[in-house]
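What follows are several structures.
Look for subunit A in each of the two complexes below; its partner is subunit B in the first and subunit C in the second.
Moving on, here comes the complex of A and B:
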């Protein structure tokens, strides 16, 4: 998928995360997390895997994590990406790229 | 050298007779030579000990660089006294190389972090350390490692002369002109002054700081004029709103209530739950709610609680007033109901920290305790508990009376949710061991109960009562299946804090955390 405009998903509530995607060249990730020391690597891996699954090759991604579980991280990344290319209103590929 | 909870203690710390933790009750039966303070004689009759300012009081007590000042934490997060005294000592008298020995420190003391960074404060000895001070100490900015002790370990260390207090500062809600102090009757009331008592007896000098001067004699005094050198009257010793909360409310959170009910069930299944039993609980959500469910079982079996100790709050005072508990003995008060009850409600008494929890005296209250219900930041599969360091390795808690009550009680129950956000509370290895696993008996979580295999008698009790329980390993696996297996924290070699077991041996150290580079 191609990131057309800046979009975000999520909140800064505890156990959630705020994911922002912007157009970029290549994938870059800026990550801050309240559980950085114990889960930073896993969060990074989860975010990058999700982007790959969605076929995102160019994006500047910012994640402000407040202790979100993996399922939440995936959902927020997916939502931000779909919003960024105006694909979040309908025809979301449930069971396809989004699973 | 590795200690009995498997922690590597640097040999450089094992000097002057310091040993590593060897297991509970290792020091039993040994003798200690108590230290005695060097105090000034006041033979000449004095009308008053009031001096105009804190700086005058410091000069009167011969304050100089390199000294150790002690404080107590009854004013909790509302305390103004630590900051006022340190400001006078450093900015007015120009002192440095100072050590703060406090019963606990909190975010009210954030300004002290600046003095640490400036190298004016070089030593911290405390139970709790939080806020900015926790951050700068964790970052290795304090010149010497902080020493963290439990509430019982501190009076032990003072009596043994391991901490020599040059000047003790007593934050007194009321005092008379010669220094008889009480925790009630003023405008910044805190109730018990139990933590200040040992300090006042073992310090070379004692300064009382009050914002409510009352007629002589202010009796019954918690800290007595015979130990006091000077009295300073200030505008305010603290913010009453932060000293005592309006009333500790019992949680309505269904998860807390479910855990609390299970705690009460476990207690009621043991042979110690009989008329006259003794009890301490924390003030956290599920711990406090355990009171409610316990009362139900007490009514059912027509038994009463003999006595309760601890930090005290309203719900326990209620039980006392209803005649369901015989006596309440109190080292600190958490809410206004408790503050207004101490030494007033018949059966509600004050005690010192030593009387409460000191392992080296001849019989602290904790040693006769049947049950204690406590919280935890983390608990590992060896039942070791951490209540000091966050999952990021930063100092942000306090052992308090946790290790003392756990070691003294017949049944120590830890109650905690299995996970908090993404943090697994039940884990493989706690960041810092603050209460050793050989003192912890039962773990109650929202996903199940586990009993320490060291207590087959309690396992039999639960089985007999039909209370299901699982292994702590299975709870850990459940937690990791929800939040993922955490990476190990990475540390530098530098030790930023030494965690003393209550008996004075070294239980663990906290090192400087290495920030994660992705």
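Moving on, here comes the complex of A and C:
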């Protein structure tokens, strides 16, 4: 998917994260987390995997994590990417690229 | 991916707790409270501009979190919104046990949802008929059409009243003796029993009014409800206590089921237990009592 405009999803509440995607060249990830030391690498891997699954090749991604589980990270990244393409409201490929 | 077992149309549903599907902190461990069902909400709890985000969050919760034997129902947005079709797709794709139809007013509403559910089941390779339905009656029209709604589909397992909206329509407010909703509750119960499905009461929203909550739960039980919708885990225990069967009821049910199994093996259809006539018609009720007793930790036998 092509990141067409800046979009974000999520909150800064506990167990959540705020993901922002912007147009970029190549994929860059800026991560801050309340559990950086314990889970930083895993969070990064989950975010990058999710972007890859969605076919995002160019994006500047910012994640502010407040202790989100993997399933929440995925949900927020996906929502931000679909929002940036104005495609978040219907016909989501549940079980396909979103899984 | 978590594969949930095939939903049971008739199971124990004393407590159904509402959770905002958009809040990861709430839904990640919702099963620990021990309610019979959780109701992940895509409707009123989710702000209009977060409906999309709630669906992504719901999908991953349904496919990742092991809710164990807690039933997982999703409340979808009303048929007068642009959201309900995608809500149904995500529920079916994620493997929710059932869908609660908000603001249901006619059998046609149930049929509309059922058609979309069936289309989604085919789209996502889910067994057709797996996804159960229940309806929330929130308006006078919904109450008047309660029977046709209850009987509208083989997927329907229950019906619930939504007090907030209904009281507004009726130009009344919460009354401690329940007179504000007496007729509506009664009509809905009769319709549900006539159609052979379950019936659930509305939420009690004033968490500081413990006495009022207890009175309402006792009245629910006396009227014949199967269970109640809840908004807070602290409400669960009392409902489970009130809806538990008595020792006497359990012993009686055990005797009936045991006698039935013995007699039917011997080819006998009607017989007596403690001087009362018993035939096959008594068995579902007796089994229901035993299942309820087992869930309440009051029966450890193997008849159910």
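The working rule: the second predicted complex is superposed on the first by the 99 of 99 C-alpha atoms of A that agree within 3 Å, B and C clash if a C-alpha of one lies under 4 Å from a C-alpha of the other, contacts with A are read in each partner's own complex, and residues count from 1 in each chain.
Keep this in mind: contacts are C-beta pairs under 8 Å (C-beta built on N, C-alpha and C of every residue); 3 or more make two chains touch, one makes a residue touch a chain.
Predicted model only: the values in this text are computed from it and were never measured.
Peer 1: So if we stack both complexes on subunit A, do subunit B and subunit C clash, or do they fit?
Peer 2: Here the two partners, once superposed via subunit A, fit next to each other without clashing.
Peer 1: Look at the residues of subunit A and decide whether subunit B or subunit C touches more of them.
Peer 2: C
Peer 1: Could you give the angle made at the Cα centre of subunit A by the lines to the Cα centres of subunit B and subunit C, to the nearest 10°?
Peer 2: Superposed on A, the angle at subunit A reads 80 degrees.
Peer 1: Of the two partner chains, subunit B (first) and subunit C (second), which one does A:44 touch, if any: first, second, both, or neither?
Peer 2: So A:44 only meets subunit B here.
Peer 1: Which partner does A:94 contact after superposing on A: first (subunit B), second (subunit C), both, neither?
Peer 2: After superposing on A, A:94 lies in contact with subunit C but is clear of subunit B.
Peer 1: If we overlay the two complexes on their shared chain A, which of subunit B and subunit C does A:35 touch? Say first, second, both or neither.
Peer 2: The answer is first: A:35 touches subunit B but not subunit C.
Peer 1: A:25 contacts which: subunit B (first), subunit C (second), both, neither?
Peer 2: neither
Peer 1: Quick check on the superposed pair: does A:9 touch subunit B, subunit C, both, or neither? Answer first, second, both or neither.
Peer 2: second
Peer 1: First (subunit B), second (subunit C), both or neither: which does A:70 touch?
Peer 2: both
Peer 1: Looking at the superposed set of three chains, what is the minimum CA distance between subunit B and subunit C in Å?
Peer 2: 5
Peer 1: After overlaying the two complexes on chain A, where does the subunit B footprint on subunit A coincide with the subunit C footprint?
Peer 2: Common interface on subunit A, subunit B vs subunit C: 14-15, 68-70.
Peer 1: Under the stated contact criterion, what part of subunit B meets subunit A in this complex?
Peer 2: 391-393, 421-423, 482-484, 486-487, 489-490, 513, 515-516, 518
Peer 1: Where on subunit C is subunit A touching in the complex?
Peer 2: Subunit C reaches subunit A through residues 1, 23-25, 28, 51-53, 55-57, 59-61, 63-65, 82, 85-86, 89-90, 93-94, 124.
Peer 1: What residues on subunit A touch subunit C, complex-wise?
Peer 2: Touching subunit C: residues 9-10, 13-16, 68-72, 74-76, 78-79, 82-83, 88-92, 94-95, 98-99 of subunit A.
Peer 1: Going by the contact rule at the top, pick out the subunit A residues touching subunit B in the complex.
Peer 2: 14-15, 29, 31, 34-42, 44, 66-70
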